[in-house]
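Note that subunit A is present in both complexes that follow, paired respectively with subunit B and with subunit C.
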Partner chain A sequence: MNTADNIFLNLKLIMANLLKTDLQEINQLATLNSKLRDDLGIDSVESLDFLASIEKTYSIQISDKEATKLERVSDAIDLILGKIKECGQ
Partner chain B sequence: MDQSYYSHGRKQIGFFSFLRDVLISKVPVFQKFTSRVLLPYSPDFIFLTHPRNSEDIFATFPFIRLLRKFFPDNVARKILKLSPCYIVAQVKAPRGLRGYIVSAVELPNDLFASRELTNKLILSCVDFFRAICNKKAYIGLAAWWPIVSNSGQAFKNCLQKEDVIKITNGHTATLASIYLSICELTQKINLPLSNAKILIIGAGKVGGGLGALLVNKVAVLGLIDKNKIRLKILKKELEIKNKEIAIDTIALDEFTAEKTILDKLQQYHLAVCTTSNTDLLISDASQLRNCIIIDDSRPEAFPRIFSPEFKVAVLEGGLMKIPGVVMDSDFGFGQNDNIFGCLSEAIILAMATEGKVKPNIGELDVENLMHLIDFCNQNKIQPGDFKCAQRTIKDSDLASLSSLEK
Partner chain C sequence: MKKRIAVTGLGAVTPIGIGADKFWQAAVEGKSGIGSVSLFDASNYEIQIAAEAKDFNARDFMLPEVFRKTDRFAQMGVAAAKMAIGDAGLESSIDPDRNKISVIIGSGLGGSLFHEEQIYKLVEGQDPRRVLSSSVPRIAPNAVSAFIAMQSKLRGPNLTISTACSSGGNAISLAAQMIADGYSDWVVTGGVECPITPFTYAAYQSLRVFANPSGGKAVPRPFDIDRNGFVIGEAAGILILEDFDKAVGRDAKIYAELIGYASNCGCYHMATPDPSGEDAAQAMTDAMMMARIDASEIGYINAHGTGTRLNDACEAKAIAKIFGPGKKGPYVSSTKSMTGHTIGAAGAIEAILTVLALHHRVLPPTINCDRLDPECPINVIQNNAVVKAAKYGMSNSFGFGSNNSVLVFEKCEVRFLQ
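For the complex of A and B:
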């Protein structure tokens, strides 16, 4: 079941993989309110890999316009939930 | 930087070559026929790159340069977009292997700005490669291609199960070439590697991988990046590998970046730049003193300078030397066997038929890196000559930098 909690956990796993660290470290850094760039270090280069990983995990497509609106972890969760709903997953 | 540095010896692409590549990409019914008839051979390897700036495009396509006199630059560039990419050079390699250097016409910023555009372009490039390859061929990704394709994953997603083309992101040979170059350079300047203070500028995939290779071998490691979190995590990861070593992390901010880098260069014997920038980090070569920099960034992050008087050398990074390789175009450091690490990865994969060295997609595989280094040792493949743009730096000149006090 793709709940907000499950998606948050998956996002943390994706971030841990991207930043080459463990979930424990990411748990200390990431809250729903964390800024992807400033708090989690997902800068413009890293965000390309971050978005590709989300698309692969959830079999969704994120447009450039949608990507530019992602500022916080909660924005990413909302976007994924919305996309899943659209696809009827 | 002098523009002639970029365009010196660059092979120019005529109108008929342009037309050939447009036909190959735009007329699917005749694709295989067109490529077999119009191309001299089916390649064993391809090196995919892109222009560093718009001047690169105008230097490569003279007829587009002519159009520039009558139309705005963007119109001329739109005409080039009739094909996703163009064959810009031919490469001969050992064992009768042959390949092409293929370039898209998008600039780094275009590739970076839109994932949608880039993903479409990747799909079109893969179709182009399939059209020109009648047998297995390795595609090495250069410059910004690994960054914008999730380390090659976006290309892999476009491949079929038994595809003739195999993608590799070039990280393995690039890292091997930088590591081997550091080992050789420290010898030439009479500095035991175990005493060396090495600064890595850019803590991404190649910078992080280099840190992991060096952490148990050098005295002091410095890491510079804009991304504080990445620095913190990389430092922690490296300290697990070696608790004794001093690791200095320096987070850059955009306002003081130049000064911070200039200051830090004074504290380290050798700096290696692996950043993915589009502009120079240091714009004025005369600011550089008392430092040796291996610059692997493409486009270049440091202006090229070699001056024994001021004890400064900015050397091309990531070069490999494969005996017998000949290119019919000069990309800035000659047409002989000194080639980009990522091109050498595609050639090595085509040479390494026993299958130990594998194409790399995604994260760097250390075991694969070791196999590649073994293969290089067995086949007399070495790190490239120490070059500062066109100029090969002699050992005696390098030795003149050996008295750098840090």
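For the complex of A and C:
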């Protein structure tokens, strides 16, 4: 079941892999309100890898326009939930 | 040269020691850096040995965000540069004009590991859209010079030289030119290579240049009659070159002076040295001409000495031709016998050993050279270091594509403060 909580956990796993750290550290760093760039240090190139991992995990596609609107972790969760709903998953 | 060039800082990541001091100590002791491949699963490879920098922990030298964005080769370069810059006291003792500090690094292959990993995934059927966007800045050969510059805000020219096994030597030559011509006051220069990856290792194995240890004798065996190839290795070697007058002005520790260099192309073959050795001999002659010294004054040569049948015979022929045969010539060693052949880093780590040999008055050995090949009639330092004060030292690097680079250093007598 793709609930917001489950998606948040998956995003933490993606971020741990991306930032070469472990889930424990990500749990301390990342909240729903965390800014991807300023708080988590995900730079412009890494954000593309972050999006690619989300697309792969949820079998969705994120447009450039949608990507530019992602500022916080919660934005990513909302976008994924919306995409899943669109697809009827 | 228009300006004199001082060597004021050294940094090294090698299979036999991390840091220039440990590297030097291990080289003098004749320590071998050869072991089983551990960086990837080599169980189905015919040859399974390499010279890995097993003690290297990249996280000790850089912030986590630098570590995660870089390939192993860039990490080694950043680490060695940090050591060299610290050794030179560039940031602690003065506030240099950072527009006058260049970074010129040699690398034959660039970010091989990440490149290969991404290609495998694609070949195995991964959607091309899933190739990581961070591949490009990791793979690029100039990732190493860029990341070195970014760590210390070095805003001068930033270049990467790729000429196979002579990359490190050529990078140092160009760095010297930058100072001699007034473009830079300091250059962070050297060579970096991490070629122990599944594809690159297989490709060199297919070239049949790897030493085969199956005969029971330790390898590689440069200049030995039973030599049968080289052992591939990984390393980073960084030197700080500095305008000599500026170094004296700030009372810097000066290891040596770079007084001559030469580079040429033998135009013979992409992977085979010219058996006549003429092109190598010409490069050595040209470097001595720039240094304004006679062949009889060279006291030590750190040879390219890979341990292949062809390279060592050609190089020995060239050395014997210029310096005279056997004991008439200067002492010669191949430190690749200990470090393995580190491709684009070789010229740099061997330049470091040449500089330290002049400074410490000790010449490192060629290990595993038990019976000198009559085809190599030169004065090889066999198995044990020699205590000898040499005033001038030469470092040879010969790369694929008949690409030759030679450096000549002079021991700095006046301003060595240690």
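The rule is simple: the second predicted complex is superposed on the first by the 89 of 89 C-alpha atoms of A that agree within 3 Å, B and C clash if a C-alpha of one lies under 4 Å from a C-alpha of the other, contacts with A are read in each partner's own complex, and residues count from 1 in each chain.
In this section, a contact is a pair of C-beta atoms (placed from the backbone, for glycine too) under 8 Å apart; a residue touches a chain by one contact, two chains touch by 3 or more.
What you see is a predicted model, and the numbers here were worked out from it, not measured in a lab.
**Student:** Which chain, subunit B or subunit C, ends up touching more residues of subunit A in the combined arrangement?
**Tutor:** So, of the two partners, B touches more residues of subunit A.
**Student:** A:L19 contacts which: subunit B (first), subunit C (second), both, neither?
**Tutor:** Touch status of A:L19: both partners.
**Student:** So, A:D5: does it touch subunit B (first), subunit C (second), both, or neither?
**Tutor:** After superposing on A, A:D5 lies clear of both subunit B and subunit C.
**Student:** Regarding the shared-chain residue A:D64, is it in contact with subunit B (first), subunit C (second), both, or neither?
**Tutor:** first
**Student:** With the two complexes superposed on chain A, say which partner A:G41 touches: subunit B (first), subunit C (second), both, or neither.
**Tutor:** both
**Student:** Does any part of subunit A touch subunit B in one structure and subunit C in the other, and if so which residues?
**Tutor:** 19-21, 41, 43, 45-46, 48-49, 52
**Student:** Give every residue of subunit A touching subunit C within the complex, in rising order.
**Tutor:** 18-21, 41, 43, 45-46, 48-49, 52, 55-56
**Student:** Over in the complex, which subunit A residues touch subunit B? Could you list them?
**Tutor:** 19-21, 25, 29, 39-41, 43-46, 48-49, 51-53, 62-64, 67
**Student:** Which bits of subunit B are touching subunit A when the two form their complex?
**Tutor:** It is residues 112-116, 147-148, 150-151, 153-154, 204, 208, 226-230, 233-234, 236-237, 276, 363 of subunit B that touch subunit A.
**Student:** In the complex, go through subunit C and note every residue touching subunit A.
**Tutor:** Interface residues on subunit C, with respect to subunit A: 64-65, 67-69, 127, 129-130, 132-134, 137.
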